[in-house]
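Structure in C-alpha cells, see below.
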Amino acid sequence: MTLRSRAYNELFASARTDGKLTLTNRLVVLAILASVAVAIVGTERAFASENRSAILWAEFGFGVLFLAEYCARLWAVAERPGPESDWAKRSEWARSFFALIDLVVVVITLIPFILAGAPILRLLRLFRLAALLKFGKFSMALKALGSAIVDRRYDLYVTGALALVLLLGGATALYWAEGKVQPEAFGSIPRAMWWSIITLTTVGYGDVSPVTPLGKVLAALVAMGGIGLVAMPTGIIAAAFSDAMQAYREEEARGKDGAMP
Amino acid sequence: MTLRSRAYNELFASARTDGKLTLTNRLVVLAILASVAVAIVGTERAFASENRSAILWAEFGFGVLFLAEYCARLWAVAERPGPESDWAKRSEWARSFFALIDLVVVVITLIPFILAGAPILRLLRLFRLAALLKFGKFSMALKALGSAIVDRRYDLYVTGALALVLLLGGATALYWAEGKVQPEAFGSIPRAMWWSIITLTTVGYGDVSPVTPLGKVLAALVAMGGIGLVAMPTGIIAAAFSDAMQAYREEEARGKDGAMP
Amino acid sequence: MTLRSRAYNELFASARTDGKLTLTNRLVVLAILASVAVAIVGTERAFASENRSAILWAEFGFGVLFLAEYCARLWAVAERPGPESDWAKRSEWARSFFALIDLVVVVITLIPFILAGAPILRLLRLFRLAALLKFGKFSMALKALGSAIVDRRYDLYVTGALALVLLLGGATALYWAEGKVQPEAFGSIPRAMWWSIITLTTVGYGDVSPVTPLGKVLAALVAMGGIGLVAMPTGIIAAAFSDAMQAYREEEARGKDGAMP
Amino acid sequence: MTLRSRAYNELFASARTDGKLTLTNRLVVLAILASVAVAIVGTERAFASENRSAILWAEFGFGVLFLAEYCARLWAVAERPGPESDWAKRSEWARSFFALIDLVVVVITLIPFILAGAPILRLLRLFRLAALLKFGKFSMALKALGSAIVDRRYDLYVTGALALVLLLGGATALYWAEGKVQPEAFGSIPRAMWWSIITLTTVGYGDVSPVTPLGKVLAALVAMGGIGLVAMPTGIIAAAFSDAMQAYREEEARGKDGAMP
C-alpha cells in the first residue's frame, strides 16, 4: 500500500467500507470547531483587542492547516477508483460541492484583509462540518428527518395555516384593543405581530404586554387557545422523525438477524 | 372545447378530476395574500401616510381583479354539469357560501369609504383562502383534525376541567398570598387570573410576579404542578390528529397497492 | 309514575340507565358556575362596591336555589330502590360525601356574615361540580388518568427525582456564581430556587436573571439541559392517559360490534 | 435469627428478596432529606443567624445518626453470604462506592470547621440517595432511560447539531442586526448567544430583546423556526424512555401470566 493510497483512506472517510471517521478526519473536525470558536469569541471587542496577536496567529495556523489538508486531498484523490487520469479525478473533485466549500474556507481564513472587516464570514467554516453528514448513520438520520417532513406535508400545511391565522388574528385583536393605549407596541398590525409571535411561542419577553382589561382577556384567550396550535407542527415533525428512525433501526436489526423478517 | 368551458376548468378547480390548483387559482391565491399583506402593513401609520397613493392604487387594482374574477366565475359557472338553465346555475352559485364571501371581499375592497375607516375589515379577505380547504388532501387533513377533537372530547373535557380548576386555584392562592402587597396585580381573583394564565401557559411576561416568600412558594408549586396539565389538551389533540392522518395515509397506500390489504 | 318518582329521576342522574345529565342537572350546573363566577368577580373591589346590592341579591337567589334543590333531593331520595324506610334512605343520603358538600355550599351561601369576610370560601362551590364526575364517560376518563399515573409511577419517580436534582443543582450553581453580585435574588439556595423553578418550567418572568458572564454560562447550560427533564413527567402522564383512553375506546367499539374482536 | 442477621436485613435492603425498602432504610432516607433541607435553608443568612444553635444541634444530630448507621452497617455486613472472613467482608464493603459516599457524608457533617465555610459541600449528602437507585424498579427505570439515550444517539446527534447551528445562526443574525444599537446585549456573538439560548428554550426573561424592526423580524423567524428544533431532542428521549418502560412492563406482565405470551 503506497503512501498516497494510505493518505486517501485517511482523508476520504467515505472511501472506507466501515464508514467511520479516521483519526485525521477527527483532527480536522476539532480544528474546524476550534476555528469557529475563535471566530465567535473574536467578535467580543474586549477579548479581541487584548488577544489580537494570539487570534492572528491562531487564524494563520488554521489557514495553513486547512490549506495543507486541501492540497493533501487534491494529491490523494487520484487514488479514487476509476479509469480517468489522476488530473481528471483531481479536477472532478475540485469542482465538487464540498471541495469548493473547503476552498472558500481556506481563502476566507488566509486573506488577512477579510480578517478585520467581516468576522461573520468566518462562521462559514461551520458549513465544512456539513461534509460529515455524508456518513452512513448521519446521512440516514437526516434523510429520515427530510422524509418525515415530506410525508407529513399536508399535516404541516394545515396546522401551519391555522397557526398563521391565529398569529394574525391575535395581532389584530390586540391592535384593536390596545392600539390606542400603547401605540408604540400595538399601534399597527405588524407591530402587534411581534407581541403575537413572542406570546404564542411562549417566549414572553415582557417588553410588550397588554395593560387594559379587554386586552388582557383577549391575550389570555389567544394564549390558551393558540399555544397548542403553534406547538403542533413541531410535535408532528418530531413524531414522524422518531417513527422513521425507529423503522430504520428495526429494519437494520432484522437485516442482521437473518434473511427472513 | 369552448372558451367558456376552458374558463370553467381554470376557475373552478374542483371541476378538475385531479383536484389540483390551476394556474389561475394560484394567481388568485397570490393576489389574496398580497392584498392581505397590503392591508396589514397599511395599518402602520408611518408607512401608510408615506405610501398613501401606492396603497390606494394597489387596493383599486385588487378590487378590479377580484371583481373581474367574480364576474368571470359567474359567467363560466353555467358550464357546471346539470339540467338547469345557465341562469339557474349562476343564481345557485351566487347564493353559495364561498361565492358570498367573494362578493363581500369585492365590496369591501372597492367601496373607498370603508378604506380609511376600518382596515380590520379588509383582513376578511383571508377567509377567501378558506375556499382552498375544499381540495382533496386539505379537506381530508381538516376532517382528520376535526374528528380527532370529537373522538377525544372526553379526554379534553377532563383535562380541560382540571386545567381550569388549576388556573382558578392558582389565581385564588396568589390573591390570598399577594393581594395585600400588590393590589394592582393580585387585588382580586380576576386580576390574579391574568398572572395565572400567563404563568401556566409558560409565557411569563414578568409584568406581574409574586414578591413575597409565601407567594413565590405557592407560585412555584402552581408552576411545577400545572404546566403539564395545561399542556395536556394540546398533546392529546396533536396525538389524535397525527394518528388520524397516519391511518389515512396507510389506507391510501393500501388502496393504491391493490385490493387486498 | 308519581311526582316523587319523577323528581327522583330528574334530580339523581345516576338513577337513570343512560347516565346522561337531566335538564334539572344542567340547570344546577349552570347555577353553580354562575355562583362561582359571581364569587370571583365579587373579589374585585371596584366592581363589588358598585354592584353591592345586585351581588347580594344574586347570592341570596343562589342560596335559595341550592336550599330548594337540597330539600327536593332529601324528599325524593326516598324513591331510591331498597327495603329501608323513607327516612332511613334520607338519613343515609344526607350523610353521603356529596350531600355533605351540598349542605356546606347551602350554608356558606346563606349565612350573610360569611359573605363579607371570606369570599374564598365561596369558591368551595366548585367542588359541587365534582359530583358530575360520577357519570359514565367522565368517571372512566378520570380513572384512566388515575391509573395512568399509578402505572407509570416508577417512570415518574425517576424523572421527578432527576428534575429535583437539576432544580437543586441549578439553584446551587447560580447561588455560587451570582450570590455575591445579586444577594437579593441569589443570596441563598432557597432564593436561587425561585430562579431555578421559573427558568426550568420555561416561565421566565425575568424578575431575576443572571448578570455575570459565569452566571449566564451556567444558566444557559441549566436551561438547555434541564428543560427536557422537567417536561418529561408531563409527557409520560399525557402519553399514558392518551393510551388508556384509546384502549377504552377500542374496547367499547369492540363491545358494540359484537362478540368477536 | 441473630441480632446481627436481623440488622443486616434491615440495613441492606438489597439483601431482601422482595427488594423493598425496610423501615430503617425509610428513616435514613428521611434523615438524608431533612439534612439536605437544613443545609439548603442554612444558606439563607437571616434564617441561619437566628437559628444558629438549632442548626448546629441538627447538624450534630445528623452526624451522629449517619455515623451510627455507618458503624452498624460495618458491623452487620459480616452477615453477607460468602466464604470470606467477617473482616474481609467489612473491608470489601468499606471500599465500595456507596460506602465511601456514606463515609464522606459522615465526615462532612461532623467536622465543625467545614460547617461555616462550605455549605455547598453539605449538599453532597444528596448523593447518598443515589444508593437507593440500586433497587429493582428504580434501577430498571434508570437503565431504560440510559438505553433510550444510547439507542437514539444518532437522532440526538442530528437534532442536537441542527439545534446548535440554529442557536449560533440566531445569535449571529441578531449580532448583525442589533450589535450597533444594543452593544451591551448583542455586541458580540457570545453575548448574542445568551439571547439566543434564552429565546430558543422559550424561557424569555426579557432582559435582552431586539428593539429594531429588522432585529424583531429576525428574532420572530428564529423563534418560530427554532423552538421546535430545540424541543426535539427532549421529545425523542421522552418517547424512547416511555417505550422502553412500556416494553419492560409488558414483558413483566407476560412473565407473571405464564409461559405463553
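Residue numbering begins at 1 within each chain, and the chains themselves are lettered A, B, C and D in the order written.
FYI, a residue touches a chain if its C-beta (ideal position, glycine included) is under 8 Å from a C-beta of that chain, and two chains touch if they have at least 3 such contacts.
Since this is a predicted model, take the numbers as computed values, not measurements.
Trainee: Could the interface between the copies subunit A and subunit B be described as same, meaning over half of its residue numbers are common to both, or is it different?
Mentor: On the two sides of the subunit B and subunit A interface, the residue numbers are mostly different, under half being shared.
Trainee: Overlay subunit B and subunit C by their C-alpha atoms and let me know the rotation angle in degrees, rounded to the nearest 5.
Mentor: The rotation relating subunit B to subunit C comes to 90 degrees.
Trainee: Just give me the whole-number Å value for how far the CA centre of subunit A lies from that of subunit B.
Mentor: Centre-to-centre distance between subunit A and subunit B: 31 Å.
Trainee: Provide the C-alpha centroid distance between subunit B and subunit D, rounded to the nearest whole angstrom.
Mentor: Roughly 44 Å separates the two chain centres.
Trainee: Among the residues of subunit A, which are close enough to touch at least two other chains?
Mentor: Answer for subunit A, listing residues that touch two or more other chains: 193, 202-206, 231, 235, 239.
Trainee: Could you tell me which shape the graph of touching chains takes: line, ring, star, complete or other?
Mentor: complete
Trainee: Can you list the subunit C residues touching subunit A in their complex?
Mentor: Listed in rising order, the residues of subunit C that touch subunit A are 202-206.
Trainee: What residues on subunit A touch subunit B, complex-wise?
Mentor: Going through subunit A, the ones touching subunit B are 151-152, 154-155, 157-159, 161, 165, 168, 172, 175-176, 187-191, 193, 199, 202-206, 209, 216, 220, 223-224, 227-228, 231-232, 235-236, 239-240.
Trainee: For a test of understanding, state which residues of subunit A touch subunit D in their complex under the given definition.
Mentor: Touch residues, subunit A against subunit D: 40-41, 43-45, 47, 120, 123, 126, 129, 137-138, 140-142, 145, 193-194, 197-198, 201-207, 230-231, 233-235, 237-239, 241-242, 245, 249.
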